[in-house]
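Below, chain A partners chain B and then partners chain C, in two separate complexes.
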Partner chain A sequence: MTEFFQLTLFGLSNGAILALAALGFVLIYKATGVINFAQGHFLLIGAYVFYAAMLVFGFHWSLAILAGIAVAIALGVLVERFVLRPMIGEDAIAVIMVTIGLSSMLGGGVQFFFGTSPKETPKFLPAGSLDLAGATIPYSRLAAIVIAAVVLTAFTLFFTRSRHGIAMRAVADDQQASLTIGISVRKVFALAWALAAVTAVIGGILLADLTGVSANLAGFGLVVFPVVILGGLDSVPGTIVGGVIIGLLAQYSAGYIGSGFEQIVPFIVLIAILMVRPYGLFGQTRIERV
Partner chain B sequence: MISRAYQHPLNGSRMPPGETLLDVSGITLRFGGITALDDVSFRVTQGHVHAVIGPNGAGKSSLLNCLSGLYRPQQGSATLHTRAEGSSTTTSDLVRMKPHRIAALGVARSFQNIELFRHLTVLDNLMLGRHVHMRHRLLASLAWYGPARRQEIEHRELVEEVIDLLQIQAVRHTPVGALAYGFQKRVELGRALCLQPALLLLDEPMAGMNAEEKEDMARYILDVHELAGVTVMLIEHDMNVVMDISNRVSVLDFGALIADGSPAEVSSDPEVVKAYLGEELSE
Partner chain C sequence: MPATATGVFHRSYTSELRLRHTRAEKTRLVLVALLVLAMPFLVSPYWLTIVNQIGIAIVGAIGLNILVGYTGQISLGQGGFLAVGAYTSAILHMRADLPVPVSIALAVLTTAVIGAFFGIPALRLKGLYLAIATLASQEIILFTVRTWDAVTGGTDAISLPRLEMAGFVFTDDFHWYWIIAGFAVLAVITGRNLFRTGLGRSFMAVRDQDIAASAMGIDVTKTKVLAFAISSAYAGLAGALTAHYTGIVTWERFTLDVSVLYLAIIIVGGLGSIAGSVYGAIFMITLPALITRFGQDIQSAWSEAAAKVPAVQVIVFGLVIVLFLIFEPRGLNRIWQRMKDYIRFSPFRY
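Moving on, here comes the complex of A and B:
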């Protein structure tokens, strides 16, 4: 039981962070139709920028978070403008290849500036832990769940209620009609990329505290794909459900089957889902008769 | 004569009735070797229902697409006359503007094949028609605080009046994709009206409808025109409807303007008769 508590908590916190990164993925896919294979690497950027701001430049952690968010917005807008916009109208596979290239650039860039060895961990979440039925519950994990939940709720509300959020959904539905009612599709694309980078960077900052800053974070970021495939590529609630399920499954398999399985199980789920329900739990069913 | 109790004017143009609202001059549009529009010129007068007719492939929809910025003609201009409160007329050439800027000037439109946001509700679709009139910034929108909320309520009032005018109260919260075709056409008209248009472009608003639905739609268009005073430019195939509701008719054939005048003038024009019925082979 103790072990179960512990695994559940770790699974939930990892899952919440995955949901953040996956939310960004879904935002980009919904608004612009691009499948962004670099989404996991935005996590990496977030962690390293936060590390650099806090421990290299000595900012207070709150300023370091703001720096991370600022870099994310700039990165998102620049990537949209200079990498994706020239690809408008190109083949979907070509666009996917470009985002894979982008992920290599981001990963390589981080190693170029920061080297390959793991960095000192920038701690900002509350230290210490709570004893619950014999299980050790670190406060930092609880805090991460709360922060991720708040950010996810805020973005979901933004997306369903606010004018800009609804404009994004409108663009996802019909670009031509959006133009003729006065929505600038370019601005919406830039906004989608900026917000996607921000959600992933917040996830990366949380991860930096919880697991340390190293190139391994990109591996964690890859698990975004099982999450979005499970939840549905175009579903915002799907990212939350998918993130939590994948996070928990990974921890349980590490705890009950054996260490190392947490790396494999999410991808087994991915393959299984693709075979059984390719549009995911909440994704839009697209059936084409040929 | 105006008897409705609506508070919000739907007409977004301050040009006096009878003056030129839109001056289309020498528009030429080519796709590769095909000339879709060949030196087309005419004027749309404030307060008119102006019909554009012509056989299939005459270039009617292409013309509308040029006016709303979706196509870029190689030559020509389309000058929209606008007037701010208490000031003189300013002109803007729609041909050189981006689509979302044209919408901000008050040129609203519907499409031949309905282009609605299928996954959003009727209400969301109509509220999106208010997009250009909403001014609050992104951060306020993210935080959903004061101004964002207040504005939303004001806009909602206007949207409710449009819902009332078009009699779509019952389907307010239904996702548009689930509605019947006739309703979708009405919602699309409603979304354009929510812009408070200076000029309303309707691309075949009655296409694919039965006689009764056509009659309803014609009545809504007349309401929009007579009660709300909106200038309407529409493409339509049904000649009876066109002759009934329009003040002026322009006729396109193979991309060229072959006639332009009152419905009576146009219907007796030999060129028009030839374009529609073909020519008798001379023995």
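Moving on, here comes the complex of A and C:
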């Protein structure tokens, strides 16, 4: 039972961060129809910018987070303008490959400035742990769940209440109709990329505190695929449900099947879902069938 | 054909079916053949290793291009299929004591079967979804390799002895060049001819419009599974060659990065073109080698900059993919054709 508690909590906190990364992914897919393979590298950039601001330049952690978010917005807007805009109307393979090329550039950039060795962990979440029914529960994990929940709620409100959020949903629904009522589709695309980068950076900062800063963080980006396919590629609530399910499943398989299985069970689930219900739990059933 | 001709015209079906129509094309073929024969005598040992790597990459890239470029099925699983080829051949040779040619042939067959199996999601999925499904195949294959200790040796590398055939030991790159060049040429010829057959043309029909293809009587299911099988067979051959050429098989050589490298090769070279696969392999293998070489050259003069070279290599790799996709999505093959047209029609623009 103790182990079960422990695994559940670790699964929930990983799932919360996964949901953040997946949220950025879904934002981009919903608004622009692009599958972003560089999402994991946005996490990486967030973690390294946070590390650099806090431990290299010695900023307070709150300023470091702001620095991370500023870099994320700039990065998102630049990427949209110079890499993705020329690709509008191209084949799926070209769009996928351009984001893969982008991820290579971002990963190489991090390696260029920071080298390959893992960095000291910038700690800002509360230290210490809570004993609950025999399980040791670090406060940092609880804090990560709370922060992720707050950010996810904020985004849900943004989509339902704010003008910009509603404009983004309109563009996702029908680009031409949005243009005719005066929504700037270009601005919405830029906004989608900027927001996606911001969510990824927040996820990256949380991961930096929980697991340390190293190039391995980018691997987290691959686990986003099972999450978004399970939840539905174009569904915001789907990212939360998908993130939590995949996070828990990975921890349980590591705990009860054997260490290492957490890397593979999500992908087996991914294939199973693609074969049975490719649009996921909450996605729109718009997938082309052959 | 007169030099002033502005196009290629055919008066009979046999002339249309010919692979090479003009005298210039025939001359170039002879020149390329001579270059292939002279290559090992012209380059230094360091560059001969690179040439051998290019040869293996050509085989794998043609395989991937058959699937992605000609059949339109995106695959991020090439690294996994290379791993299947490499491990099958290595295990059959070491554990079952089969001679190398037999183990390579069986590796090709095994990879084809496994490739067809992982192609099953393609029957229901297209585009983005298929890319994600093949990404999962890649992860599943590599995970199996890493954890199936009894057969693959898990995360430990398998070392292979030097290749020995009929009493002759293939010791260095020079000996291996002839094997690899032979297979690369074979891959080019079979690849080029595949698309003169009905099967090859049905691949292209499925790529261009699958519904129209099935209306014309093409069995789309069968065609897709065959495309995966044939493509994986090439990957299996490339993997098996890597195993015996380098003498060491480890899962780290077949990660997702390798799948991405092969996709980059065919995009930079040109999707849906056998010649493009060759150009792409040459370009994408030579470029990092040149950068590494540059790093070694400046090592003594400016060691801080030399330490940054591996990072620059990764950045340049990404940059090349992005720039090609933005400025010339049809790759080096298209650039080469434009150059030819420019010279042919000069001084006119078209």
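By definition in this document, the second predicted complex is superposed on the first by the 286 of 290 C-alpha atoms of A that agree within 3 Å, B and C clash if a C-alpha of one lies under 4 Å from a C-alpha of the other, contacts with A are read in each partner's own complex, and residues count from 1 in each chain.
Just so it is clear, a residue touches a chain if its C-beta (ideal position, glycine included) is under 8 Å from a C-beta of that chain, and two chains touch if they have at least 3 such contacts.
All of these numbers come straight from a predicted model, not from anything done at the bench.
**Q** If chain A is used to align the two complexes, do chain B and chain C fit next to each other or clash?
**A** fit
**Q** Looking at the overlay, does A:59 come into contact with chain B only (first), chain C only (second), both, or neither?
**A** A:59 sits against neither chain B nor chain C.
**Q** When both complexes are superposed, which of chain B and chain C contacts more residues belonging to chain A?
**A** For chain A, the partner with the higher number of touched residues is C.
**Q** Determine, under the contact definition given at the top, whether A:101 touches first (chain B), second (chain C), both, or neither.
**A** second
**Q** Considering only C-alpha atoms, give the closest distance between chain B and chain C in the superposition, rounded to the nearest Å.
**A** Value for chain B versus chain C, nearest C-alpha atoms: 18 Å.
**Q** Which chain A residues are contacted by chain C in one complex and by chain B in the other?
**A** Residues common to the chain A contacts of chain C and of chain B do not exist here, since the sets are disjoint.
**Q** So in the complex, the part of chain B that touches chain A is made up of which residues?
**A** Residues of chain B touching chain A: 68-70, 98-100, 102-104, 108-109, 111, 115-120, 124, 127-129, 131-132, 134, 136, 138, 141-142, 144, 148, 152, 191-192, 195.
**Q** Going by the contact rule set out above, which residues of chain A touch chain C in the complex?
**A** 35, 83, 86-87, 90, 92-94, 96-98, 100-109, 111-112, 222, 225-226, 229, 233, 260, 263-264, 267-268, 270-271, 274-275, 278, 287-290
**Q** Taking the touch rule as given, give the residues of chain A at its contact with chain B in the complex, in rising order.
**A** By the definition above, chain A touches chain B via 154, 157-158, 161-167, 169-170, 173-174, 176-185, 191.
**Q** Under the definition above, what is the set of chain C residues touching chain A in their complex?
**A** Residue list for chain C touching chain A: 68, 74, 121, 123-129, 131-133, 135-137, 139-140, 143, 146-147, 210, 220, 256, 260, 263-264, 267, 271, 308, 310-322, 325-326, 329.
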